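Chains here go by letter, A, B, C and D, matching the order in which they are written, and residues are numbered from 1 within each.
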Amino acid sequence: MTSDSTRLVCENLACERGGRLVFSGINFAVKAGEALILTGRNGAGKSTLLRVVAGLLRASAGRIKLTGGIDEMGTAEQAHYQGHLDAIKPSLTVAENLQFWARFLGAPADASIEPALEAVDLAALADLPAAYLSAGQKRRLSIARLLAVKRPLWLLDEPTSALDTQSQGRLAAFMRQHLAGGGLILAATHGPIGLDAPRELKMGAAG
Amino acid sequence: MTLGPHASFIVAAYIVTVVVVISMIAWILRDYAAQRRILGDLEQRGIKRRSQASRGDET
Amino acid sequence: MALIDIFNNLANPTRFLALTNRVLPWLTALTVIVLVYGLYRVAYAPDDYQQGATVKIMFLHVPAAWLAMMGWGLMAVAAFGTLVWRHPLADVAARAAAPIGAAFTFICLVTGSLWGRPMWGTYWVWDARLTSVLVLFLLYLGMLALYWTAEDPNRSARAAAILALVGAINIPIIKFSVDWWNTLHQPASVIRMGGSAIDPSILVPLLIMALAFTLLFLLLLLLNMRNEILRRRVRSMRMMQAASI
Amino acid sequence: MNALLALLLRDMRLATRVGGGALMGALFYFVVVSMIPFAIGPDLNLLARIGPAVLWIGALLASLLALDRLFASDHDDGSLDLLTMSTLPLELTVAAKAIAHWLTTALPLIVITPVLGLMLNVDMSAMGFVALSLVAGTPALTFIGLIGAALSVTLRRGGLLMAILVLPLTVPVLIFGVAAANAAIVGPAPFGPPFTILCALSLASFVLGPFAAAAALRQGQE
């Protein structure tokens, strides 16, 4: 699904919410195998920018284009969005949660979710209702979603929050693997994310 | 024993009662089997209860 | 002192389970024997001069009504146990009693309705007795819904206990108001049951059936309490399991 | 199709698991309808006459109030974001959720209708027609209510506000639903015409509801 020519281009993006201009004039391009880290103080618009790219918010100006992917699909349909919330239903089991998202987000019907659960070290808890999971385990389960369905663009909002150091290391490994496979990552973060020398976009500096 | 002109109502009342009681028993026994199965599964994985983990053993 | 010992022994779910497992076969046998004997006596009970053979429905209806009320009473007592003494088995008992009480209330309603059809010519009249049992049934359904929405027993226990107590206080008031409402409106066509003293040839089988139903209730209650204890054990083990990784 | 089926199954599963809303609608319906005679009095002839209306009002309230959390719960845990990022059009996603909701909430309600009919002294054979009118009409209630559920996500105020917004929209369903039921019980007007209109209303809202709800959800994300 990902090819080496995939490229995300955002030109002159601006977003307005509740009459306030959150950001404007954002330009960047990310190409296959590359990660762009969004930094900046609170309220600089990192989360908003991610939601705009994910298609969850409308940009008031500018355009977003993902080229080289699957032509008839929009950016949102080729992106994984990992927000502050984990999108996990407590009354479903761990496996049922992941199985649902894998099928809904378009994994092949015969694909197994087993490897993704193994990767985040939740396979032993597969039959447990998700209500029993800790915050970090829930986060890991939502990360398993990124692995269970292949999508070229990962949009990650504070992906390391609630994770312990071991899990953070594991997430960094997933990200490197994704990049090595020609994937793209756009991540908002405060601290180091575990990638070597990623490009950085400092938000809120210009305005 | 004759049930008179309204036999069907009497029989229906007894049938309903029997059905409700039997299905309740079946539900309870099935629930019991299910809980035992999950417990056995958890024990097989070496999970202990809080009281066992803290106190060591319990008679 | 011995009583307190028994109480303390029962407080421990593990001991309670052991005791239950020992009692169950005897209780089952006793229930079956009394039930069979009761049904035998019912079969040979004479017909009522007014209601004919349909009086046989009474042998189900009245014990079920008695258990419907006893079930709620049990839950109210257990509510005290939960709120005042924080007895660990009190909520288990209440939770286990709710569906059984609801089932007997349902039996009471259905048999009453099937009895009403030949007597009154319709399956349902808003007769004071039936109506107050209906309200009791609605209360039971509310209790089941409460248990259903909150899985965490620690959170639902006190809420359910409060509901059980409020219900117990309210039930006489409901009964009274329904009687009052009914005498205001009720058309006179309804034949009231009872009235005259019950003949021993009917009373004795009725009492035996009441005993059999009570034993059945206790049997189901013990079985269901056992399930509830296991369910809580599963819950705590799952919590350990989630924490272990 | 695969994704839609997965969503349908998930929502039905959620409704039937602990804490889910299945049967709550039917329960509410049962309680509301049982309350009416206490207000009106136990006159069986009167109850038989207003029976269909009571059943329809009960079904209306039950199916609307149960819709309250349809999108709100998905919004609160972040699922709604991901649901909109699928390759499926949001309209289809929304429709699948509504169908799951109808199956788990409205269907049990219809199943217990005959029992309630007995209590309201509605004739047994007519009861079948009342249930049939509910089968034809409740999808319209669900799909109109869907719009309200989507709006209440935006407005972060569920329950009563939703009922206020949506109840006026359901007036036609109520009129033809009760008309169909009455025609079946008392006559002399035939059952067919109001029933056909009821079906048409359901079909129309089946088309319209998801579009309006999806539009409301998209606006809500702004």
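The definition used in the following text is that a contact is a pair of C-beta atoms (placed from the backbone, for glycine too) under 8 Å apart; a residue touches a chain by one contact, two chains touch by 3 or more.
None of the values given here were measured: they were computed from a predicted structure.
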### Summary
centroid check, CA-based, most central chain -> D
### Task
Using the touch rule from the top, point out the two chains with the most contacting C-beta pairs.
B-C
### Farthest chain (mean CA position) relative to subunit A
C
### Task
Can you check how far apart subunit A and subunit C are, centre to centre, with Cα atoms defining each centre and the answer in Å?
54
### Task
Determine the centre-to-centre distance between subunit C and subunit D, using the mean Cα coordinates as centres, and give it in whole Å.
33
#### Entry: Between subunit D and subunit A, distance of the C-alpha-averaged centres to the nearest whole Å
37
### Query
On subunit A, where are the residues touching two or more other chains?
91, 124
### Multi-chain contact residues (two or more partners), subunit B
45
### Two or more partner chains touched - positions in subunit C
151, 238-239, 241
### Query
Which two-chain combinations qualify as touching?
A-C, A-D, B-C, C-D
### Message
List the residues on subunit D that touch subunit C in their complex, please.
### Response
18-19, 23-24, 27, 30-31, 34, 37-38, 41-44, 118-119, 121
### Summary
subunit D partner, complex, touching residues on subunit A are 17, 51, 54-58, 73, 76-77, 79, 81, 83-92, 96, 99-101, 103-106, 109
#### Entry: Residues on subunit B engaged by subunit C in the complex (per definition of touch)
1-7, 9-10, 12-14, 16-17, 20-21, 24-25, 28-29, 31-32, 35-36, 38-39, 42-43, 45, 47-50, 53, 58
### Query
Taking the complex as given, what residues does subunit C use to touch subunit B?
14, 43-44, 47, 52-54, 56-57, 60-61, 64, 99-100, 103, 106-107, 110-111, 114-115, 117-118, 216, 220, 223-224, 226-227, 230-231, 233-234, 236-241, 244
### Task
Can you check the complex and tell me which residues of subunit C touch subunit A?
151, 238-239, 241-243, 245
